[in-house]
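Given below, in the form of structure tokens, are the structures.
Next, two complexes with subunit A in common: one pairs it with subunit B, the other with subunit C.
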Partner chain A sequence: MTRQSQEELREIVGRLPTTRDEDWKYTDLSRARDITSRWLDAGAETVAADIDEEIERISGSIDATWFVIANGELRLPDAASGISAERLDDVPAAASALAELNSALLVDGLRVRIDGAPDKPVGLLFIDGAADAATSQARVEIEFAAGASGEVVEYHASQGAQDHYSNTIVAITVGDNANAAHLRIQSRDLRHVQTTHTTVNTGRDARFRSAGFDLGGGLVRNDLVIGISSPGAEISFDGLYLAGEGQHIDNHTRVDHRVGPATSRQEYRGILNGRCRCVWNGKAIVHTGADGTDADQANHNLLLSERAEIDAKPELEIYTDDVKCSHGTTVGQLDETSLFYLRTRGLDRQHAKQVLTHAFAAGLVSRVPVESARNIVSELVEARLRDIIHSDEDFS
Partner chain B sequence: MLEIKNLKSRIGDSEILRGLSLSVNAGEVHAIMGPNGSGKSTLAQVVAGHEDYEVTGGSVTFKGQDLLELEPEERARNGIFLGFQYPVEIPGVNNAYLLKAALNAKRKHHGLDEIDAFEFLKLAKEKMATLGMDPKFLNRGVNEGFSGGEKKRNEILQMAMLEPELAILDETDSGLDIDALKAVAQGVNSLRGPERAIILVTHYQRLLDYIEPDFVHVLSQGQIIKSGDKTLAHELEEKGYDWVREAATG
Partner chain C sequence: MATESENLEGLVNRRYEHGFVTDIETESLPPGLDENVVRAISARKNEPEWLLEWRLQAYRQWLEMKEPEWAHLHYPKIEYDQISYYAAPKSDEDRPKSLDEVDPKLLETYDKLGIPLHERARLAGVAVDAVFDSVSVATTFKDKLADAGVIFCSFSEAVIEHPELVKQYLGSVVPRRDNYFAALNSAVFSDGSFVYIPKGVRCPMELSTYFRINAANTGQFERTLIVADEGSYVSYLEGCTAPMRDENQLHAAIVELVALDDAEIKYSTVQNWYPGDENGVGGIYNFVTKRGDCRGRNSKISWTQVETGSAITWKYPSCLLRGENSVGEFYSVAVTNNRQQADTGTKMIHIGRNTRSTIVSKGISAGKAQQSYRGLVRVMPQAAGARNHTQCDSLLIGKDCGAHTFPYMEIKHPSAKIEHEATTSKISADQLFYCRQRGISEEDAVNMIVNGFCKEVFKELPMEFAVEAQALLNVSLEGAVG
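Up next is the complex of A and B:
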């Protein structure tokens, strides 16, 4: 099933980033290397778990035209107007060891094109579940045609609890005057390791709104790289990460403002409880000549346990004068005055803490860019918050 | 109903209440007046159960029960309400949610079922109408972006919904224009009754033109130095706090 020899594959695995790389300082991919090596040792065969019921359940929760990528294998939906799809044959030259691994082990790639205004969102369900430790790849290219108005929902899930490493590449292009809404829900098993690399390139007067919700996963690294090469782009993205005992969630974002005018705005929020670690690294680069750039980035973290750790780093690089850039990062605990206020209204301490924690996430949930998925996101966030709040005795 | 005896309390190293005694019976309205820093707000916070204030002496009983042993939420469910001087803004929690959660916490404590959603809405809208509040406030974040007057009205709305036996209103009149003051006073007056007591903590006499107290107490340096009827408030307004202080020490 693989295009390259075991030695070549092991050589690529050996070149995956390590904590010696500046961009990977806080995120150790040893577990990904280990899972992949074990999988290669076992003959690189993936025995799929019984996955169909979970696919039904998830795809039934959001009304969308669902493309399912199960353990790296693609299942195409029935035709839907405004949505055309094909398997990917040509994969561009890899720019990193992770991309090389993706190219080398990719089973099915997918290209989706959105024209006009489809009735339903495009759903991409990435689901992994195997009998033994396994590695899977996914690669999806999404094109919003010029003037199109559409929605994409990515749902990253697991079937069962098993060591699994998934490496996903998503490339999105938003054509001139197109209006794109993008939602990423990550609800992986706590033994799952994932790396995702998403690129977004926008055309003239294009609009891209996105939100990512990291609600699970043992070790998660998401890279979101946005390039603005035509004027008039309006970009806005949010991220919420909820981490409980033992989790590690790393979000790296990068926005390249190559021309102006254009706006980009990002807001990431994290709620951490128990022994866990999260990383937010937001980079905005305003290149020479990108006059009229307006870039704003914010990252706020709520640490509910003394054992939770956050590394938050905004990075602004500005090479032109006519710009408006701002950033803000906060790390804090629940506000004692608010807690007392709620308790004087009869809510017990635990309930008051829950209310304030939910409130911290509520703003991002209310802005989920794909409206038909807002309720399910809200439910998933509530459920995950309950789990991480109750998983740790610090929260009492 | 409320018996405070020789109460001493401090925050950090500074002693604020220095042997305060006060007795409040059902049906009574007490006004506690005093200059800034006299301990008025501390008294309100201690009765509500704020953990930053350490009680170093004395006792507080409510309906015969030792109040100081109870958590703030237990005090609330037992019938104590504190209207905050500076109500907290809590974006992301809507007003309706808080009102309902507060009401249900109390109902559960008294062995009642949760309030029906329809009944709740009807009750909330009724109370809002009497306070001159737009029902839209139900769907806003708690005090989020509210003006000073709106926040105070919202406190009174919570009080009206919870129907406490003892309401302590901490500087509820501060920062209110005359219309808001009248609305707030009306809300408070509508709660007056033989089974309830109200303590108004205030710096100025103005509020007492609209809510007539049965007793007025002057607090200075953590003690009540003079008590009287409503005429005392007028005297204070004319002569200032120094007059009582001098009278008390001299």
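Up next is the complex of A and C:
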């Protein structure tokens, strides 16, 4: 199935980033290397698990035109107005070892174009699950045509509990005056490793709103790279990561303001309990000449366990003076007096914690840019919070 | 707009006020570095065998290390073979016993710099350990300090007089192989200051030292060690100016602070070294390792710095908060103009329980300067109740300058409360307009706004320094309008 020899593939795997790379300082991809090597050793054959039922369940939960990429293989939906799709026949030159791995092992690539204002969101279901350790790749290019107004929902899920590594690339272009809403839900199995690299390029007066919800996954790394090269862009993105025992979730974001005026704002929030580690690295670069830039970054974290670790790094690189940039980061715990207040109202400690953590996440949930998916996101967050809080070894 | 650009022009064209070279013969080692140079430096200072060995080990470690490249700085490669590693005023043999005996040319130099050595020193109540190039030439107020039991002397003197203290604490905060420049300093450090405050003593005056780099082609490798024993307090002032010259000079200093139980050290710096001219020619390369160790319970170390000079600055005064309830503080104003580059910030390592730290960093970038704040706040798994507040603000003046922040936060304990906020902006037209319509000239308005921007840091400076700092800031920035 592969176009390259085993040696070439192993050579690429050997070049995947390590913690010696500044950008990967806190996230160790050894597991991804290990899974890929085992898969290559076993002949690079993937025997898919029985995943149809799971696909039914997920695609039924949000009303969308679903494109399913199961273990890297694409299943196209029936035609829908305003949405045109084709398989990718070429991929641009890879800029990193992860992208090289993606190009080398890619089975099906997808290109979707959104014109006008489709009735339903475009759904992209990335689901992986095999009978044995396996690696899968996905690549999707999404184009919002000039003036289009559309929504995209990415859903990353797993079936079965075998070790799996999935490496996904998503490239989004938002045309002039287009209005794009983007939602990413990730609820993978703890034995799954995921790396996603999402690039967004915006046209003149384009609007891009996004939200990412990381609810599962053993080792997750999401890179979101946004480039603003035409004036008037309005960018806003949120992220919520809920990490419990054994999870490692890393969100790296980068916004390049190449021209102004333009606005970008991001808000990431995390709730950590049990032995887990989360990373947030937000970078805003205001290039020479990008006058009238307004960039804001916020990151807030709740640490609920002795063994949880958060590594946060809000970076600003600014090369011109007509800018307004700010960032704020906080790390803290639930407020004891608030907990006490709820206890006096008859709530037990776990329940009180749940109420407070819910409130912490509520702002992001209410801003989910794809309206038809807001309820399901709310339910998923609620359920995950319950899991996290109840696995508690109450430290206080 | 005309006045704006004229003002800006005036700022850019301002010459370095402290630019002059004192014409004194210096006895220097030829350029280059090998074990013999290390031995020669040690021999000249009549150092004991253990210190020579310590230096040699540092040198061997340095050979194996690589110059760091991660900083947001661009400068031509430093030719370590072209630097002379030792320069002392020639009159080393017959050191002056009092100020009268001091070479008048030296006194003149200090005079130009406004160092309160003579009468002014007495009036200001400041004891000065003036470091001219590499050897201390005069120390005042020694008697008064001796009465209190405070040891304040040059590093070479401390090695001879108090070897047990030096041996105990040297390299205990900044190990030899801590980083490339620390290893280099450990091998070839020339002189510096040593301070020991005994138990329960509140140092009766503010201690001060002026660093000067004078002889051409001489890298200066200062070493400062301050130990505050239990329950003591000291405030230490460091101020720097350097004469004008066209060749880049390397300065790699180490400052080690140790605070034992209930001790407090306040370390203030005004740094105004030659920043190079408007085209980025010349200027000091300033690669400094400063670290304070809050070793004892309830100890406190506070760094305050006003950085306006140097072509390249690489400096991260840090605190290791080991002791329970210990406190670390970092207050910084950094100004970069023309083609200056600064990569500066701090590290707060929370190790003990209930440790607290505060970081306030104000950066002002003008002309074609690039400035970065790089900070680390780390809360170790055992550091229950750690608290940090970080604020770093940047003010940009002009289209071609840059301001960057790279704050790292690594939090491994759930009871930590960590806050970080940063803003970057230019002087707002509204603020300027408001001042202007009240009849305040543009230049004064900018001064007011910039001073207001830095106020939080200035109020942490001792009085004498606050005045100097404001003057420096005005020199660097008045008239610059964003």
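Points worth noting:
We adopt the following convention: the second predicted complex is superposed on the first by the 394 of 396 C-alpha atoms of A that agree within 3 Å, B and C clash if a C-alpha of one lies under 4 Å from a C-alpha of the other, contacts with A are read in each partner's own complex, and residues count from 1 in each chain.
Everything that follows uses one rule, which is that a contact is a pair of C-beta atoms (placed from the backbone, for glycine too) under 8 Å apart; a residue touches a chain by one contact, two chains touch by 3 or more.
Being a predicted model, the structure only gives us computed values, none of them experimental.
When both complexes are superposed on subunit A, subunit B and subunit C fit side by side without a clash. Contact with neither subunit B nor subunit C is seen for A:D90 once the two complexes are overlaid on the shared chain. Counted by residues of subunit A touched, the larger count belongs to C, out of subunit B and subunit C.
Of the two partner chains placed by the overlay, neither subunit B nor subunit C lies in contact with A:D78. When both complexes are overlaid on chain A, the residue A:D321 reaches subunit C alone and has no touch with subunit B. Legend: residue contacts after superposition of the two complexes on their common chain; A:E7 is shown touching neither subunit B nor subunit C. Remark: in the superposition on chain A the angle formed at subunit A by the CA centres of subunit B and subunit C amounts to 80 degrees, rounded in steps of 10. By the touch criterion defined above, A:H351 lies against subunit B but remains apart from subunit C after alignment on the C-alpha atoms of chain A.
Of the two partner chains placed by the overlay, neither subunit B nor subunit C lies in contact with A:E53.
Once the two complexes are laid over each other on the shared chain, residue contacts for A:A308 go to subunit C alone; subunit B is not touched.
For the pair subunit B and subunit C, the model built by superposing on chain A gives 15 Å as the shortest CA-CA distance. Applying the stated touch rule to the two superposed structures, the subunit B and subunit C interfaces on subunit A have no residue in common.
Taken in their complex, subunit A has these residues touching subunit B: 335, 337-338, 340-349, 351-352, 355-356, 358-363.
Listed in rising order, the residues of subunit B touching subunit A in the complex are 48-51, 71-73, 75-77, 81-82, 84, 87-88, 90-93, 97-98, 101-102, 105-106, 109, 141, 158, 162. On the side of subunit A, the complex with subunit C involves touching residues 22, 288, 301, 303-333, 395.
In the complex of the two chains, the subunit C residues touching subunit A come out as 70, 381, 394, 396-426, 482.
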